[in-house]
Amino acid sequence: MADLSAAEFERLAREGVPYVGLLAVRVERFEPGRVDILLPFQPMLVRPGGTICGPAMMALADIALYGVVLSLVGRVELAVTTDLNIHFLHRARPADLLARGRLLRSGRTLVVGEVHIAPLGDDRPVAHATGTYILPPDGRMPPCTRREEAA
Amino acid sequence: MADLSAAEFERLAREGVPYVGLLAVRVERFEPGRVDILLPFQPMLVRPGGTICGPAMMALADIALYGVVLSLVGRVELAVTTDLNIHFLHRARPADLLARGRLLRSGRTLVVGEVHIAPLGDDRPVAHATGTYILPPDGRMPPCTRREEAA
Amino acid sequence: MADLSAAEFERLAREGVPYVGLLAVRVERFEPGRVDILLPFQPMLVRPGGTICGPAMMALADIALYGVVLSLVGRVELAVTTDLNIHFLHRARPADLLARGRLLRSGRTLVVGEVHIAPLGDDRPVAHATGTYILPPDGRMPPCTRREEAA
Amino acid sequence: MADLSAAEFERLAREGVPYVGLLAVRVERFEPGRVDILLPFQPMLVRPGGTICGPAMMALADIALYGVVLSLVGRVELAVTTDLNIHFLHRARPADLLARGRLLRSGRTLVVGEVHIAPLGDDRPVAHATGTYILPPDGRMPPCTRREEAA
C-alpha cells in the first residue's frame, strides 16, 4: 500500500531526529499495519538498578507507531503523535528489545496502533503502548476526499 | 520532607542514565510535590517539520514525574514508572521547554503526578502528561507501615 | 463563543443517552473551556467496599470533557471521544462529586481537555482524566477552513 | 488458579454495583488471564448519532479488566482500578459488543491487562483499553510474602 521500504523507513528512524537516531534502531519487519523495530542494547540506556530506562522504551514505542502509520500512508513525515499511553510491565534487563507495532484503526485523519515490547527471544513483555498519530491535511490524498471519513 | 536538594536531583537526572543525560536538563524548582524542569533547546532534538520531537518531551515528562516523586520520598532511585500518558497539544517550535510537574496523589506504594510542558515564557502548552511511579518495597519507610495505606 | 447555554448542555447530558442520564448530573459552570459538572450521590453507584464505582467517574469525566468541547463549538452533538485516560487517586466515599473540566488544546479537528474530580467541598481529588474529542467534518465551520489548522 | 467460577464472576459483575448491573453483561469466557464479557445491546445505551455511548464501553472495559484480575487471584472484591486508558476506534453500531480481556502483567500488587472490544461476530474493533488494578494488602496472600515482588 505504501511506497516506502523497510530500508527507507529505517533511514528515516535513524536520521529524522538526531537524538532518536542515537538509538540506532533496526527495522525487522515493515508490512502494512505490522512493523517490528529492534532496539539494540547500549550501556547508555541503563538506569539505576541496571535496567533499560523508560524514555528509551517510550521512544521505541513511538518509532514503532510511526512505522505503522507510514507503512500505510507512505512517506508522510509530518504525521505527528497526538497521544501515547504506555504501561511498563516488567523491568527490562540489559538486552536487545523488540517492539511489535500493530494497527488498531486507520482513518483519513487519525491512525491508532498498539505496541508490545519484549526482550528479543523472550515472551515476557516489558512494556505495552497505544497511541494515535494524526496525518497532516496536506498529505497524499485529495483534501476534500480525506476529510470525509473524518478521522 | 525529602532529604534531596535540587542540585542533587539535577545531578541524578543528568547522570543517572547517560542517554537521558544528553538532554542536559536543569532543575528550576524542587519543592515537595512541585518540580519544574527545563529542557534547553538543542538542534539534535528537532524532527522533520522543524519542531521538537515527541520522545524528548516524553523523556522530559518522565524526569519531571520522577522529580515529583523524589521531592516527596528522597533519594529512592529505584522508584520506577508504571504508566505514562501524554497528549501532544501544539507543535513545539525550537525553544527551551519548561515542564511543570505536580503531585496528584501520594501513597505508600504509588505516586501519581501530572506535567504541563510549554515553551519557556509562553503559556501555550505543547504537551500534558500524567503518570504513576511505584516505590520499591525496600524503600525508606518501615515495610509494615508502608503497606498500610496500600498504594 | 458557543451558542449553547448551561441549561441546554445539562439537558443534553441528561437526555442524550438514557443510561448516562440516570446519573442525573447537574451543570454547575459552563464557560468557554471551563465546565463543572456535579454528580449527585446515589446508592446505585456504590461498589464493594462502600465507595463510588469507577465507571460512574469515567462517565462523569467524559461528560465534563464533552461539556468543554461544546462550550467552545456549540451544539455539535456528533463530537465523539477518541481517547480517554483516567487515574483513580483516592477511594471516593459516598458523596456528591464535582468534576472540573478544563481545555488543554482547541483545534479545528481535535479538542483536548483535562478533568479533576473531587468530592464537593473537598480538595482531595479522587480522579484525574485527560481526553480528546474529535469534531465531525460536517460541523459548523466551513470544511475547507476547518482543515487548515489541521487538528 | 482462582477459586471463582464464571457464574460467580457474572453475579459479581451484575450485582456488585447496581448502576453497572444495569448493563446486564454476560461472562462468555473465564480462564486465568483470559476473560470475555458480552454487553447485550440495549436502546438505553445509544447516543446522538445512533451509536453506543462511550461510558458503556468504558464500563465494559473495566468489567473485563476486573474479570482478568479476579480470574487470577479469586474473589478479591476490593481490587480497584488505578488507571484506565481507552481509544475509541470506530463508531459502535447498535449491536451486542464483545470485550476480550487479556493479562499483560501480573504482580503481587499490580495487575495490568488489555481489552479489545468489537461487535459480536465482527472483527472490526470499536475500542481498545489498557488498565491497571491494584490488589489490597489484606488480600489472600500473606502480606509479607506479597510485598516481596512489590507490584
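Chains here go by letter, A, B, C and D, matching the order in which they are written, and residues are numbered from 1 within each.
FYI, contacts are C-beta pairs under 8 Å (C-beta built on N, C-alpha and C of every residue); 3 or more make two chains touch, one makes a residue touch a chain.
Remember, predicted model here, so these are calculated numbers, not experimental data.
For the pair subunit C and subunit D, the fraction of shared interface numbers is greater than half, so the two copies use mostly the same residues to meet.
Counting C-beta pairs in contact across A-C and across A-B gives the higher total for A-B. Distance between subunit B and subunit C, defined via averaged C-alpha coordinates, is recorded as 27 Å. Distance between subunit A and subunit B, defined via averaged C-alpha coordinates, is recorded as 22 Å. With centres taken as mean Cα positions, subunit C sits 31 Å from subunit A.
Subunit A has residues 82-83, 85, 87, 132 in contact with two or more other chains.
The touching residues of subunit D, when paired with subunit B in their complex, are 82-83, 85, 109-110, 132, 134, 136-138, 143-144, 147-148, 150-151. Residues 85, 87, 89-90, 104-105, 112, 114, 125, 128, 130, 132 of subunit D touch subunit A in their complex. Subunit C makes touch with subunit D in their complex at residues 16-20, 22-23, 42-49, 51, 53-56, 58-59, 62, 77-78, 80-88, 91.
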